[in-house]
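Sending over a structure as structure tokens; questions will come in a sec.
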Amino acid sequence: MGQYHHDIDDILADEELVPAVFLEAVNGVGLFESNDTNRVEPRSKVELPFWLASELHLRHVTSVTIPPCFGKKTQEEIGADGAHVDLRSRCSYFYELGCKIVQLINEKTIGSLLLVAFQTRYKEVLIKAHTSASALAPKYLSLLTKEETKLYEAAKSSTEAFKTWRMGGPRFQKASVLGRKRKPVRE
Amino acid sequence: MYGRKASQLLKEFVSGEPGQLTGFNNDVFAQVIEECDGNILHLQALLRKMQEEGSNNQTNKNADHFGALVHHLSLVRNKRCLMAYVYNRAEVIQNLGWTIKHADLPAAVKEKLSISENEYFGKHSSNLQSYMLDLNLDLAVDMVPPKDPYIKVRVLEEIGEVLLSDQIANLAMHSILFLKRIDAESFISQGKMEELTS
Amino acid sequence: MSGQSDPRGSAFSAAELEFLAEDEMIEIVPNLRIKPLSLICGDFGPFQPQIPTQVPIWLAVALKKRGKCTIRPPDWMSVEKLTQVLEAERDSASSFEALPFHYVEISRLLFDHARDDVPEVYMVRSLIEDIKDVRFHKIGTGLEKLSSRTYAMKLNLSAMEVNVIRPFVTGSLETFYELTAPEIIQESQREEYRRPQTADRGPRRELRR
Amino acid sequence: MESEGTDDYETLISTTDADLLKRSWRNEKAAPEILQFQSSLVQRSREQIQLMEETVEELIANDEDPLTVSLYQMDIDRTLFLLRSYLRTRLQKIEKFMFHIQKAEDLWARLSRQEQKFAKQSIEDLKTHLEQSVLSKLPDRYQSHLKQSVISEEADMGIFFYLNCTYIQICMFANNLISMFS
């Protein structure tokens, strides 16, 4: 089994909902909250998780359209002040889903939107992670997508580890899984 | 919507602290299996319907067929999520296996593991032990680069009289001692001692 | 374990870098006689009182801790040299003044264990702190230019600086790599964003068709 | 990232086994994939540690001054740490990419005999664990370890063929269509 196959972020990115229009009728599926398995009529519009929408799209059972989070409004906001756009609320897997959408419906304008967004925002992540005090305004963190948060945490933890080493804390720690580390008594 | 419960499992797993283990979520896990059973039933029912109807209604047949496809895709999706859930928890168990043998695992942690996970943890520990026996070299110590062979520690739980590599020591509660690094390492990792940096 | 390196994070923990730094050679002046040592990592000594000799830093610190020698700080750890380095760091925007690869760890080891052997130790210490801050700031701005156009970062960073920024840089390059993949961005737009060649990618995450 | 300077310098000074072990340890830690196992170097390092431990025992026996004894002991500890960390780093990499390494012959060949034994056992244990926890509970068509290639040709072939084929084939095809779905 491929290593990548168990990448939870990739799986959860596939869970994001995308707008789709049915081209064909489908029997015996409870796609809507009402769980009586019934029939889906052609031309009905529904939001499907990407894992389902993409497979049905490939077989011309549905037609997937560009999710709003990659639309005009976002493009303008990113252009204006990319670093402070709340991408997480629009789509927490903005980059991963964007890449998947581009490959599915070959909509290359999304590609440049993703690149411009990441380029402007990753500098802010870098500065905040490496320099600012640890008690960072949570408001900023709430804007970040999953991928940006992982980058921020990678930078944050390596900076913290450097400071811990510099302070000369105890070198042996209780295994983290056994819960809260006991506060080492400062001699 | 199909697959929602399965992704809930994974969201719960990633929301935990990295390296930490949340309890194995038997309920949601069972619900996902139930959903799979439902999928296969609908899938087979739709296929039988297609067979019986023969060709008189091609459009209806396609609708049945696509319904079967959706249930198939849902099954595959659920399977991938369940496998990822168990696989990623197994990785946490593997990392844990480097610091603590399964036999020494406190009950509070064992309860978080499923039956199969506890079994897996035990096998992982013994696989590691047999590799170290093959080499006649203990790899579960020396996790941190060596400094002085001796380190200063404070005992946090009453351990009592213990034969160490270079001395017989009385590891009484709150006592502060100079122990060989290698002897102290496993006690610290189990939280029974802490290193003091003077 | 704080000492152990996290597999996904930087390749080495700070403690492991310090361990590597402890193999760097340094001059000591023993105050006693010790027979020559033929160790696994090499032969050292004989040690005669007041005769300077070169040993690895871990050995120097061990002797110093037991009061058996004094340590001669390396040449670059003088107020005069460090002041030059600091000024050079502040002036030239990007290039880094050549300080030893393990300068962060070595200075800390000597401050911790041989403070009295370092002339004007407080001045030396604050100079090194300033140099470190200036360099970390420069790394930050250097990274900002790490747009998809300039991947090769010609900064001769020290071991500790490389290690601190490694997780962030590899993470960013990984994302740039994916976002500039041919399937993602049009040929025309791709020309301005050259694909990163330097990223050591390991098995590439194939994006499912 | 590491500046080239350090490597040239190292080759200049007489490279002891300790230096070579340090370099193998550094390379193994920095490389994402598993590297060639340094069996002769590991063997020589173990012998030297063994030898040095005997020397320390002799020193203690002739009650050599404790300072010299502890210096020799520290030298042993440093080499032992490198050896343990080198072997441990490899084992953790093998654990992380066991399926990938098993499939790639060139990677499998880089493992020591004991590492291959450890890897085989790890794979078996994990497969059993996945089998018990998930696969055995799924409908029988979906119990294979193989990654469920959703767009696997056979499954697709079955579906597309089904759509385009004439009525006659439908009956013959339908019954093995179910088997195609796994």
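Observations on the structure shown:
Letters A, B, C and D mark the chains in the order given here, with residues in each chain numbered from 1 onward.
The definition used in the following text is that a residue touches a chain if its C-beta (ideal position, glycine included) is under 8 Å from a C-beta of that chain, and two chains touch if they have at least 3 such contacts.
No experiment lies behind these values; they were computed from the predicted model shown.
Interface comparison, C-D against B-D: more C-beta pairs in contact at B-D.
Taking the CA centroid of chain A as reference, the farthest chain centroid is that of C.
Remark: chain A and chain D have CA centroids separated by 30 Å (rounded to whole angstrom). Here the CA centre of chain B is 19 Å from the CA centre of chain D. Centroid to centroid, with C-alpha atoms defining each point, chain B and chain C lie 36 Å apart.
In chain B, 62, 68-69, 73, 80, 83, 87, 99, 144-146, 148, 189 are the positions where the chain touches two or more neighbouring chains simultaneously.
Touching of two or more other chains is recorded for residues 1-3, 15-16, 18-19, 62, 166, 203, 209 of chain C. Among the residues of chain D, those touching two or more other chains are numbered 70, 74, 78, 81, 85, 92, 96, 100, 150-151, 159. Of all residues in chain D, those touching chain B in their complex are 46, 70, 73-74, 77-78, 80-81, 83-85, 87-88, 91-92, 95-96, 114-115, 117-118, 121-122, 125-126, 128-130, 132-134, 137-139, 141-142, 148, 150, 155, 159, 162-163, 167, 170-171, 174-175, 177-178, 181.
Residues of chain C that touch chain D in their complex: 5, 7, 11-12, 16, 19-20, 23, 34-35, 37, 39-42, 58-59, 62-63, 66, 68, 101, 156-157, 159, 162, 166, 169, 200, 202-203, 209. Residue ranges of chain C in contact with chain B, taken from their complex: 1-4, 15-16, 18-19, 62, 65. On chain B, the positions that touch chain A within their shared complex are 1-4, 7, 10-11, 13-14, 19-21, 42, 45-46, 59-60, 62-64, 66-71, 73-74, 77, 80-81, 83-84, 87-88, 92, 96, 99-100, 106, 109, 144, 147, 151, 154, 156, 184-185, 188-191, 194-198.
Listed in rising order, the residues of chain C touching chain A in the complex are 1-3, 6, 8-10, 13-15, 18, 108, 112, 136-137, 139-140, 143-144, 147-148, 160, 163-168, 171-172, 175-176, 178-181, 183-186, 189, 193, 203, 205-209.
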